[in-house]
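Below you'll find the structures, each written out as structure tokens.
Okay, so subunit A shows up in both of these, paired with subunit B first and subunit C after.
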Partner chain A sequence: MTSATSAKRIDDNNKNDRTNREGLRGWLNPLTYGWERVSYWFQRLTGIFLLVYFIGHVYETSSLVSGPDAWAAMLELTQTVGGHLFLILVIGASTLHTVNGIRLIFTQSGQGLGKPGRPDYPYDPTSVNNKQRSGLWIAFILAAVAMLYGANVLFSGE
Partner chain B sequence: MKIFKKDKTKKITNERSLEIERERSNKSTSSSSSSNQKSKKLRIFRINAVQNPNDVPHFDEFQVPVKRWTTVLDALLDAKSYQDSSIGIRYSCRMASCGSCGMKINGIPRLACYTKISDLDTNTITCEPLPNFPYIRDLVTDFSQFFAHHRSVMPFIQNKKADIPDVNELSEYEQSPQDLDKFLQFSYCIKCGLCYSACPTVATDLKFPGPQALSQAYRYYADSRDSDKSNRLKVIDTSHGIWRCHFAGSCSNVCPKGVDPALGIQLLRSHLLGISNSEKKIAKLQDRSNNNSYREELEEEEEEEEK
Partner chain C sequence: MTSDSIKNNRNKNKNMTKWFSDISFLRESQIMKIHYITGVGALFVVAIHIMMRLIMPFNMSLEFENVILNYKNIFYALLLESILVLIAIHGFNGLRVILLELRQTQIWERGVNILVIVAMIGIIAYGTRTIIIANGFSLG
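Showing the complex of A and B:
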């Protein structure tokens, strides 16, 4: 094979997408690589969800300019069972995103990850240790508690 | 989730391979009374991307004999030796030192020579090329982009004082074991590419250097013999650089050598943010041009330490 032919074939390969890139599939599957990947997945998912909620929230509050009736009609939407469930999801997502975000601020600044050392078999990476992971558990627990409290307030009407 | 456009499964059931299989199982039962040999199904990803750009990726299945100590590489080589010699595999040392046999085994990037089939606990072992590396053939992938990223972080010590034009003026660095421990872990990298293929940011950003290159940037940054820290940080402090890491930790989870790239990246980031002490004590150069005087100096130092 001449080098020109080889170069042409490599170009053809690129055209036929032989790059083997995972793309979005790379982060859509959270279950293969451990809890940090689950955290990564939740952080992104809740971030997107809260962005969508924020846009909806701006739209909801903007109904005020159309008068009290329009505002009351908009509020009616949140008084249904579906509306309550949506708000509970918002409470859970915002709590998880905030607490896990605070954990990530610390870890991404190199805090609480441990020091480099001499690795011994079986290798146990210090950056994904239980000390660091405890922040993730706290985020999940707080999100669950906040959702339960929210559900209690919304459904009992207290 | 379907990865391929078309999943064409070809079963190797030719007479010859079955014959060999039978001969081998007869041999093993006759030679050993406590034979623990079983057979497992090996699903191998097949593509010939370079010779045939229109080749459709598919899986071929092989039944291979396994024992308690059989690794995935052993099984692949068995299939290649006795059933289909056209299987493309890259391997060399068979002892997790060269980093050549990285592939996706049952959905996780691993070294084939370092993965025992008995540890996988499945009857079917699926071998695919490492994701995020372009295909060449079957399980062999193109590492040129990966090595380009590695080169971009200048993986070598830079110290202008150590520019020794005359070999006779041999010098050496004074480096304490504590200084060594700061980077030694990261120098165990074998460039197998498992971290690069597991990283979700690499999956979506071609320009991101990846965990391997970034951890190597930290390895040389933390080395007390290196004095060129500003240039090192400049290379990675870009919009597609270190800030694209979101600490998914997958790189550290798949690393077969305990390098922990995620730790290196976060520590490097702490230096960039100014949270960690960025002042590094640069190792002294010890002149050894006169060996006798050097020894005398060392003896004097030892005496002082004893006192």
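Showing the complex of A and C:
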């Protein structure tokens, strides 16, 4: 076999070998979830959700320039039970994304990770410690509180 | 893989991506700093934006006249513009990070970079148009 043929075969194998490219399936696989994985997953899902909401919100508010009727028609979409529930989800997602994001800023600057230790069995990473876990719990609790407050404001109209 | 085939692949990639400009003018560490700064900045300005909705009954605050009055206040208009810019940068850079985690080829990276920059500029331009018109300035 010439070196050119061999190189071509290796190239073809590399092109067809997709075992290490799990893509979205790997991203969403819940079988290997730890705390960091839950945080990673929620941060990305809430981020995408909020970006979609942001684009929709910019479009929604642009109806202002078409006058009061267009504004009222657009506003009617959110003044329903479904619209309120959607806004409550936005409130929860933005709170979770914010609080977890602040935790991640500290984490990426090396705060709250603990001292590095020898990797002994059962190989629990020292970085996933109580500080990190409580940070995530605080994010979930604050998101729930914000959603309750938002529900109260939206459904009572006050 | 031989060095010849590596060179060939590099040349092939160069040819495939010659239509895209090289926009790697910032290092990833600098982009992440911008990501964090825009995130924290957005937290403060969005908090003020939400509080403006709660200084009177929520439904009343969304009436056309009240919203237009908000937009006519130059400080509030500047606040809205800063929300628009900060969240557009933070949001679309976040999307870029997610998309680059899914695949790492030169053509994909440059395509994603261009896509998010165009989308970012588009949404900022569209939102700015609303702020300017609602504020009362004429676009001609």
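The rule is short, and it goes like this: the second predicted complex is superposed on the first by the 130 of 158 C-alpha atoms of A that agree within 3 Å, B and C clash if a C-alpha of one lies under 4 Å from a C-alpha of the other, contacts with A are read in each partner's own complex, and residues count from 1 in each chain.
Just so it is clear, contacts are C-beta pairs under 8 Å (C-beta built on N, C-alpha and C of every residue); 3 or more make two chains touch, one makes a residue touch a chain.
Bear in mind the structure is a predicted one, so any value in this text is a computation, not a measurement.
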| item | value |
| --- | --- |
| Partner chain(s) touched by A:Gly101 [first = subunit B, second = subunit C, both, neither] | second |
| Subunit B versus subunit C as contact partner of A:Phe54, first or second or both or neither | second |
| First (subunit B), second (subunit C), both or neither touched by A:Gly110 | first |
| Touching partner for A:Trp137 - first (subunit B), second (subunit C), both, neither | neither |
| Contacts of A:Pro125 with subunit B and subunit C, given as first, second, both or neither | first |
| Touched partner set for A:Leu75, first subunit B, second subunit C, both or neither | second |
| Which of subunit B and subunit C A:Gly23 touches, first, second, both or neither | both |
| Touched partner set for A:Glu36, first subunit B, second subunit C, both or neither | first |
| Subunit A residues contacted in one complex by subunit B, in the other by subunit C | 6, 10, 21, 23-24, 27, 108 |
| Residue ranges of subunit A touching subunit B (in the complex, touch as defined) | 6, 9-10, 12-13, 15-16, 18-29, 32-37, 39-40, 43, 104, 107-111, 113-114, 116-121, 123-128 |
| Parts of subunit A lying in touch with subunit C, wherever the complex brings them together | 3-4, 6-8, 10-11, 14, 21, 23-24, 27, 44, 47-48, 50-51, 54-55, 58-59, 61-62, 64-65, 68, 71-72, 75, 79, 94, 98, 101-102, 105, 108, 153-154, 157-158 |
| Subunit C - residues contacting subunit A, complex | 1-2, 4-5, 9, 32, 36, 39-40, 43, 46, 54, 57-59, 62, 64, 67-68, 71, 84, 87-88, 91-92, 94-95, 98, 101-103, 123, 126-127, 129-130, 133-134 |
| Subunit A contact footprint on subunit B (complex, rising order) | 1, 3, 49-51, 53-54, 107-108, 129-135, 141, 181-186, 188, 198-200, 202-204, 206, 222, 245-250, 252-260, 262-264, 266-267, 269-271, 273, 275-276 |
